[in-house]
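Following are the structures in question.
Here chain A shows up in two complexes: once beside chain B, once beside chain C.
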Partner chain A sequence: MMQRRTLLAASAAMLAAPRIGAAVTVGVTATELKIGNFMPYSGPASAYGVIGRGDAAYFKMINDQGGVGGRQINFITYDDGYSPPRAVEQTRRLVEQDRVALLFHTLGTPSNSAIVRYVNQRRVPHLFLATGADKWGNYQDTPWTIGWQPSYRTEAQIYAKWMLEQKPNAKVALLYQNDDFGKDYVTGVKDVLGARFDQMVTTASYEVTDPTIDSQVVSLRGTGADVLVTAATPKFAAQTIRKVHDIGWQPMHFLSNVSISIAAVMRPAGPERGVGIITSAYQKDITDPVWNDDRHMQAWREFMRKYLPEADMSDSGYATAYNVSFTLMQVLRQCEGDFSRENIMRQVANIHDLEVPLLLPGIKVSTSPTNFHPIRQMQLQKWSGAHWERFGDVIQGADV
Partner chain B sequence: MQGLAHQLIAGIATGGIYASVALALVMIYQSTHHLNFAQGEMATFSTYIALTLIQAGLPYWVAFLATLVISFGIGVFIERIMLRPMQNASVLANVGVFIGLLLVFRNAMGWIFDYTIKAFPTPFDTGTPLFGGLVSGHELGSTAVTLVVLGLVYVFFRFTKLGLGMRAAAFNASSSRLVGIRVGWMLALGWGLAAAIGAIAGIMIAPVVFLEPNMMLGILLYAFAGALLGGIDNPGGAVLGGFLVGIIENLGGAYLVGTELKLTLALGIIICVLLVRPTGLFGRVVQSRV
Partner chain C sequence: MDAGRDRIGTGIALPAAGAAERSAARPLRLLGLLGLVAVAAVLPPLFASSYQLFQLTLALIFAIAILGLNIVTGFNGQISLGHGAFYAVGAYATAIMMSHFDLPWWETLPVSALICAAFGFGIGFPALRLGGLYLALTTFSLAVAVPQILKYKGVEDWTGGVQGVFISKPDAPEGLGLDADQFLYLVVLAFAVAIFLLAHNLLHSRIGRAMRAIRDHSIAAEAMGMDIARIKTRTFALSAGITGLAGALSAIAIEFVAPDSFSVELSITLFVGLVVGGVGSIVGPLFGGVFAVFVPNLAESISRAAPGVIYGVILIFFLYLLPQGFAGFPQRIRALLRRRPEG
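Right after this comes the complex of A and B.
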């Protein structure tokens, strides 16, 4: 009798739930918490696949330590091949068939752009995306989606702030890729310069189909600019570094930190050509011996040895996975066993100055109901000809 | 005014890239009367072969020649295996094969060589930038190579019996067969030569734009525009067209339409040429030259 009454009450509650807005719990059983993810394990961006492997290894470690809230994490990760249509397909599979509690660390601006409407309509937490687009911080229009890393816009704000301190009367040239990625940098510089933008800055864009950016670099140099901001993906960044050097232009050169790989950008461009280029960092460089005695770095290396013994220890994707998964674990612990989707989002927007193991000292993760940009600080670094050297204090993005 | 001169020189340098690919396109069109959409990917694949050989320790020019031979073999092989069975199929079916080849090559390259960009060595002196760094020694050298290849192609088609036979086979297969030309092999030979010329283009371009599986993606569109502008059946015209497209694109991008519409400009050229002189994929060749 008692059982039937409970059952009736429960069914009534379930039926009424969508209307009265009560908490919805999906993907959670007494023993398990399902987390969904897609990554480009194949295709043009497959180098990022290591991030998904790093996430999976991290959750395995958590499970070995007893899980979270008394539950084991079931991390389901699929291949989207960096293709938006496949990302949509995999997301629907995760949400409708696997019925995951939340989506975590899905990678790529195009893929996430393709699913953001769907997950917000279905009210599925869409957490800590692996993309630097600024739009994931839009808590008003997409309240179920949140990024993690500093956005491209924040990065540009930081360059512009520091540049103004050094050269208050700078003449700025801004070379950007004509898409969401590149335009975030234009917005970021505008945030800081405000009304002076039009007078101080000349922009030139390129399309990803352009064979070279020579013409743009030649035009920008012709404006007499003494500062260059390059918001380019690796191939075009390497071309820019080479061209700027070859035509004898010596601006204060800021380079988007998506294009600072030594192997994929600096070495092809010619390491000597890039000396003095300024970019930014927020994570500890796992290859830098300066962190050898850092206890967090030691813990990470221990984790790698135990859970990813075959992995390339110099691939920063594993450090990213470690940091982002750490952040998610903080959120899940804060949930205190209530894994309803509403409570998960409440805790996501309730992170205060969290210290994450492999972030640079002084850089902390913070969110609030009106701040969906978890990391808004970075430190500058300069190319020495052989490696990136950090300098100066941690700088915070502009308040807009 | 100085800016204009700089854009002009930079345009010629870029035009050299388009010219070399346009030449490869003309080559395949001359010998098969098809436009091979996988031409760019095949050339990129050849460039990876060259890089592999160079990294294996072969001297540059040895690797260069070896790559040409290997590419020629791949071209002939593809014609024999994939296009021979299609010889009586419709043009659209052939286009389907070309696009299939494009996908196969692109993804295979990503799989084998990964997608990060790679620097490619150049045999030409790049130590001293010329024209204030606007043109590198490599760009001059590669333009010279393009012109030499152009000369060879001209001589081949104009003065050798084999070249004449290839032109005849492409132009009118049944008549050619009647006069004793082995049409099937002429087509295969055409594919081989086109693949080899594509390989030269790839090897000359890679030091400028960096080697990656999508290296030819944008270039091929501009090269099409160049080839059409100069005349798809005319090697010299195509090379000139390539240079013109480079210059028009740079000047147009800097002063007229803005950098956002550079590609549109190239596509506009294609449309204009096709409207004024419709020698496109499905049209018959009209003998007029720019």
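Right after this comes the complex of A and C.
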């Protein structure tokens, strides 16, 4: 009877209070804050598993320094094998069994797609996902989910903006992979060109299953384009660079920054063939000696030596982990001890010009209740024949 | 199989006693079975958390899928490494019917099973000409091809391409006082019980004996007047239909289908579940389903650095201890006990 009365009183209070007042705090005790994560430690994408190890090491460092808000961080990370059903299983385990306060840096577009509805129904903060899809910035439909890195769409906006400055009357050829990833680039270019898109741009797409993209490149050249935007994954990027050079086409060539690996793209394509190609960057290249005297880079190396002594120091996944974990710590500090899920989300949407150690100078993390794209700036860089050389100012994506 | 031979042996020696024993044992076994089902229906929803219920639901779904594989591989001797493809087709069929045609979930299940059975029937024909390892590779290529076909531009409007298709888990009918996870668990349990009973009856019938005869000695079976082509293709269709139904249930439980959900690894998982549970056993797939869901998590809790290695070690350990799978466990104990007095 007593129980029923308290229940009634509680539900009356819930109805009376404004929505924000009904704060839910889960996964937080006086001494501990639980953070959940899944990563592909096994399976086809297991190379990304280093990111989860980097995150874990970062939180260990934070705990050694005394934790956050007087609490130690308990970082729980599981293997999803890059499989959406297992991602659902692991997410439910984290949310229902381990009862984590929030989900952080979960990797992979398919895996995050599989859980996004569940976490938003349950109102679990789903923060700083490790995927570049643009849809994680959709604060209206999925207000509990937010990405981190510049989305592919933002990247394409930046190329289009700079291109318009250089060649206001360009004729653009756009080659894209026919999936979410490639289509984000088409959207980004459209954002900037608007009504002029149809008249300025010719598109061609390829399937991941296609053996080559030769015919697409040849037919795009036939349109007389003087700008080429290639939204391709590494294998097709290398093919494109090779073919463009071999048929003697010399457009202003923009290349998606998922395909700028020297080992996987530039060397197979032939380094001399790619001279002049333009792409973008937002993180400091940890292998570039330019940063040797940078105090943040030195701090990162110190961290790596202490917490991940056996790790490969040239794997940029560790730098990403460091940056993203740093951003989360800022959010948790801003919470000032109130780790209710509502307050966590309020602080997530309340980051102002945060400087993150391994982001390029001038690139800052900002969010607001109507901006769930934390990084919207990038700097362009050009292939010299041996390495990528950054040039010009930091460019901001278009406001759409 | 050994048990069957024993029964025939004792039957010949003591016909009257054997028959009486069997008819007395029957109602007891039925009661025992009913009791087990009742326990499975009542205990987990009462005591398990919704995450644990979800895991049990997945284990039951895998058990149904493995039963489908067991019918064709264990009882009919046709090795299939491609049942993940039927699972995927079943899942997609249900997802597409629910999202594009707004059909209620329960209406989609029989349709998905029928689609998969028809698909399996089609695969069953070339399978007639391919024996053993060649059939294994042909079905394997099916498992490799299906995720890519699902991404194909021509069917993208239906399958959603790499984006996949979202569907919603059904809510429990009002008045039952169950939440969605409890309801789904009971639904899957009901399907599992029905399908396992049907399979049990079928495999102990004339057709079931014919399936096994073809597996053990197809020439002798043919000489006895069995229509091998007919039985083999129909077995394949039945098997694909059951696995497809499991796929359809999985789509509802996960609420999402995408090509990456049905990689080649899925077919291998089903095959591993089949062998670990017990090839040619009816209860075996239940253990196989439990293995498929819980062992990867167990492996991961032991070592995050190399969960694959731990999984492999556990698998070898099982094969060494229980070469006939979990289903062979009682027989193995019995064999050990029998050997001791002699030795």
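Note that the second predicted complex is superposed on the first by the 379 of 400 C-alpha atoms of A that agree within 3 Å, B and C clash if a C-alpha of one lies under 4 Å from a C-alpha of the other, contacts with A are read in each partner's own complex, and residues count from 1 in each chain.
The rule we apply is simple: a residue touches a chain if its C-beta (ideal position, glycine included) is under 8 Å from a C-beta of that chain, and two chains touch if they have at least 3 such contacts.
Predicted, not measured: the structure shown is a model, and the values here were computed from it.
Visitor: In the superposed model on chain A, is it clash or fit for chain B and chain C?
Guide: clash
Visitor: Tell me the contact category for A:342 with respect to chain B and chain C: first, second, both or neither.
Guide: A:342: touches no partner chain.
Visitor: Check whether A:238 is in contact with chain B, with chain C, with both or with neither, and answer first, second, both or neither.
Guide: first
Visitor: For A:218, is the partner it touches chain B (first), chain C (second), both, or none of the two (neither)?
Guide: After superposing on A, A:218 lies in contact with chain B but is clear of chain C.
Visitor: Where does A:209 make contact in the superposed view: on chain B (first), on chain C (second), on both, or on neither?
Guide: So A:209 meets both chain B and chain C here.
Visitor: If we overlay the two complexes on their shared chain A, which of chain B and chain C does A:178 touch? Say first, second, both or neither.
Guide: Once the two structures are laid over each other on A, A:178 reaches both partners.
Visitor: Using the touch definition from the top, say if A:268 reaches chain B (first), chain C (second), both or neither.
Guide: first
Visitor: What is the contact status of A:288 with respect to chain B (first) and chain C (second): first, second, both, or neither?
Guide: neither
Visitor: Taking the superposition as given, does A:248 touch the first partner, chain B, the second, chain C, both, or neither?
Guide: After superposing on A, A:248 lies in contact with chain B but is clear of chain C.
Visitor: Is A:226 in contact with chain B, with chain C, with both, or with neither (first, second, both, neither)?
Guide: neither
Visitor: Need the overlap of the two footprints on chain A, from chain B and from chain C, as residue ranges.
Guide: Of chain A, residues 43-44, 178, 207-209 contact chain B in one complex and chain C in the other.
Visitor: In the complex of these two chains, what residues of chain C are touching chain A?
Guide: Touch residues, chain C against chain A: 49-52, 54-55, 58, 148, 151-153, 161-164, 166, 250, 254-256, 258, 260-261, 263, 265, 296-297, 300, 304-305, 307-308.
Visitor: Enumerate the contact residues on chain B facing chain A in the complex.
Guide: Against chain A, the touching part of chain B is residues 2-3, 6-7, 10-11, 13-14, 17, 107, 110, 114-119, 129, 132-134, 136, 208-210, 212-214, 217-219, 221-222, 249-250, 253-254, 259-260, 262-263.
Visitor: Considering the complex alone, what residue numbers of chain A touch chain B?
Guide: Residues 43-47, 178, 204-212, 214-216, 218-219, 222, 234-235, 238-239, 243, 245-248, 261, 263-265, 267-270.
Visitor: In their complex, what parts of chain A are in touch with chain C?
Guide: 41-44, 77-79, 81-86, 88-89, 92-93, 95-97, 109-110, 113-114, 117-118, 178-180, 207-209
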